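Labels run A, B and C following the written order; every chain starts at residue 1.
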Amino acid sequence: MAPCRQQNTSSSGRGGTPHRRSARDLSGQPANRISPWADAADLTPGATPGPTGPTVTVRMGEDESRVAVAVACRPSHDARTPAPLRFRTHDWAGDVTSIHADREPLAIDLDAVEIGFATPDGTLRALDGVSLRVPAGSFTVVIGPNGCGKSTLLRVIGGLLEPNAGSVTVGGSAPRAGDGRVGLAFQQPRLVPWRTLLENVALPLELDGVPAPERVDRASVALERVGLGDVAGLRPSELSGGMAQRTGLARALVEDPPVLLLDEPFSALDALTREAFDAELQRLWSERPRTIVLVTHSVGEAVALADLVAVMAPRPGRIARLVSVELERPRGTDLAADPQAARLVGEVREALSEAHAVGLRPWAETRGAA
Amino acid sequence: MRGIGLALVSFAVFLAAWKAVTVIGRYPDFILPPPEAVIERGLRAIRTGVLWEHLLTTVVESVLGFALGAATGILTGVALAKSIVIERALSPYIVAAQAIPILALAPLLDIWFGGGLLARVVICALIVFFPVAIATMVGIRSTDPLLDEMLRSLGANPAQRTRLLEIPSALPVIFGGLRVGVTLAVIGAVVAEWAGAATGLGVLINIANQGLFDTPLMFVALASLAIIGLVFYGLVVLAERRLVVR
Amino acid sequence: MSVFRPLALVLAIVLAACSTPSPSESGTETDAQLREITLLLGFRPDVQFAPFYVAQQEGYYAAAGLEVTIEHKQAPDVQRLVADGGAEFGVADATDVMIARTSGIPIRYASTLYQSFPVAIIGAAGDAPTEPAELEGRTIGTPGRFGSSWHALLGLLESAGLTEDDITVREYPQFNQVEGLVNGDVDLITGFRNNEPLQLHAQGFDVGVLTVDDFAPLPGPGVIVGDDLLESDPDVVGAFVEATAAAQAAVIDDPDLGFAAAQEAVPAVAEDPEVARAVLDATIELWRGDGFDNGQVDRELWDTGYATMKRLGFIDGSVPVDDMIADLSGG
């Protein structure tokens, strides 16, 4: 059995189309012979498995119409004999001509994004002309005082909010919530209380109409990835804070999104747990490259995780300073020992306190025109 | 087991208190019959088959009335919760209708709906409707906005959010409304019968009272209504235990 | 241990609530001059209660040493309250008294108010039956399967060898069977001779009536009294009955007197005086019957009626007629 392997070929950079309902078999034959769990490893030379498996694009027939394909690849215990590749497709015509990996990390582009909210006191400018280029596969941390717009920024990237002005693109096209390109984990676990962990993690798949056996499979894989494979049957009320947070993370990763957004994911946890989770996050990221944007309050966390730290200031919400972090990876948690790290921490801290100072000025002085 | 023992003890105490009241107050049988008179009368009514016929009618009316009232109540409650326009347009009429005693409206409704089982089911449903609709509205309104945002971030459309989040999260409150509604259904059936029916426990109450001057028989009818109410309530609680996951 | 304390508290509350006076304590005399009496009349003030209004207003009761307060209740509360001492007297149908007494309610029929049985089968003129046999196969509207209307209907059927199965019954719990007759849902209705026919006449309907007197005689409504009062104060009972009968005789002789008294006591009279007057006139006919007898109870009629009710199964005969009628002869 050929191993699950990922082929790093070109991707056109367009966002993948959302998952559809039908599950079919790719067998090099006409599409109407369907078996959801076909072993098609032979059709994917060079494909390597990721945390939840690679997704591939199947090009069909002459016009090579692009087809989004989701692939669940169950990691085997024995690295030398990986499980067969399983996947489903939709909307095709003709024979399979080639299969390419689709799920490369995507770059994020914000160009002069403005968002205002109407309040009784006038318009609150949550984001005021924010521009940021996040390279594909990089780890960016956004840090800033309360009200600086960092959570708003995350929601804009995730497709939950539309800018009043400016543009935002993920992988070259506008983000749309639920299209599977962006995974979002919140500060609170936000788990559905009456569902088991497995059902919670499977939720994005359920919304996309993935059939139940495949959902269970992929959700189990995701939970195993975050170390909760044994407790998939528990309910959220039975979990500790850390376990709940990890479940939220597993849910964000279950569709193997090329972009992962994290809104203060570990701020509710104690310091040591947080450090451990940060280390795990780095591990997950290195195993399976993704574009990650993480929001935090913690300077230490920022410097430990980021390639680039964006310091934001409030009123109006904007990026005050960008600090590039070129420390070697993997990074330990004890950054104080490293003078370069310490310097970076100091730089970020200085930018942060400037941003805080801005925040302390009275609202009326800095209020933008309503 | 403990629960049943406690229930039996409290029932025995209730019977003893009832008996004590009739003895101490020296109430004659035709004003307040003692428990043994009611039990004896009840057994007689069961033997002659009289009780069964009336009981069955009332049970059918209240079950159908509850089903209709609860279904419309839940649908209306969802609509009220999700649309401010609908709420503003409808709730004055719903509330005003609730304030009008159904006993006064029942005869009219009986005529409008043809005076048969349908009319009684409608009257009963009207009584069940309000608590269920309000409970549904409140339950859906109290959906956790954080979970709602989470679902939006996964691309869930409004129908999915309603099905996967709002309704399951509202179920405990909805079941609270259903508990109230199911006991009101029994009352509703009786009120409907008083508007014009040939059989039913409400009719039996009238027959016992005005036709036979048989107060113990009236109490038998009342006790039957209470038992029906208890059984219905218990069924709703059972359903709640199975459907509401906590 | 701790469960008994709240239990005792509950019992104590319950016992404290049982502070209703037992029957023997009711009717205390607060005024040495006039005995206070409560009289229960039907659903609401009506011109048919003219004798009582006259007796109040013209001093008949006062002369008998009674101060009468009228309250409005319906069967079965009237029977129950009178039996239990909540009120001294009430007006009730004789047939109901038979059933109530058999059921164990200790009341008795003390005097006759209606010499003629007021219930009749009413239909459109020309369509109404002239004899019970013509009831067969008809659809009849009635308030319900109880009360004097029902007793009369079944009595009429029986007299022609028919039963309930030979007719179709339609119930009107709101006592609006007149509407059913008007819009044709039913052929015939049960009603009161001094009520529905007048209503229908006022609406332009001509009607015919079938009465029980010739076919299934039954005693009509009268004054009822509780066993306890009869035993403890037979004089009061006698005085009340006499005063009422005297007032009634006065109204029969002078309907204007009765009408004037009713106008005082009944607000509805003012709304439609013509109809009220017509009702009063018709009612007087029913009171009078073959001859007003000052309220004397017609024992023969009672015996006949009792037998009919027994045959129809409304009573089982376990309680004799003697127990149902007040014996006021013992001075």
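To be clear about the criterion, a contact is a pair of C-beta atoms (placed from the backbone, for glycine too) under 8 Å apart; a residue touches a chain by one contact, two chains touch by 3 or more.
What you see is a predicted model; the values in this text were computed from it and never measured.
**Student:** Note down the smallest number of touching-chain steps it takes to go from chain A to chain C.
**Tutor:** Steps on the shortest route: 2.
**Student:** Count the C-beta pairs in contact for B-C and for A-B, then report the pair with the higher count.
**Tutor:** Between the chain pairs B-C and A-B, B-C carries more contacts.
**Student:** Among the chains here, which has the CA centroid at the largest distance from chain C's centroid?
**Tutor:** It is A.
**Student:** If you average the Cα atoms of each chain, whose average lands nearest the overall Cα average?
**Tutor:** When every chain is reduced to its C-alpha mean, the one closest to the whole-protein mean is B.
**Student:** From the C-alpha centre of chain A to that of chain C, how far is it in Å?
**Tutor:** Going by mean C-alpha positions, chain A sits 86 Å from chain C.
**Student:** Taking the mean of the CA coordinates per chain, how far is chain B from chain C in Å?
**Tutor:** 37
**Student:** Could you give the separation in Å between the centres of chain A and chain B, each centre being the mean of its C-alpha atoms?
**Tutor:** Each chain's C-alpha centroid was found; their separation is 51 Å.
**Student:** For chain C, give me the residues that contact two or more of the other chains.
**Tutor:** Nothing qualifies.
**Student:** For chain B, what residues touch not just one other chain but two or more?
**Tutor:** none
**Student:** Please output the residues of chain A touching chain B within their complex, sorted ascending.
**Tutor:** 18, 155, 158-160, 176-179, 184, 186, 188, 190, 192-195, 203-204, 206-207, 235, 237
**Student:** In the complex formed with chain A, which residues of chain B make contact?
**Tutor:** 146-147, 149-156, 160, 164-165, 168-169, 244-246
**Student:** Mind pulling up the chain C residues that touch chain B in the complex?
**Tutor:** Where chain C meets chain B, its residues are 7, 10-11, 14-15, 17-18, 20, 22-23, 75-76, 79-80, 83-84, 96, 99-100, 103-106, 144-147, 150, 171-174.
**Student:** Touching residues of chain B toward chain C in the complex: what are they?
**Tutor:** 13, 17, 20-21, 24-31, 107, 194-198, 206-207, 209-215
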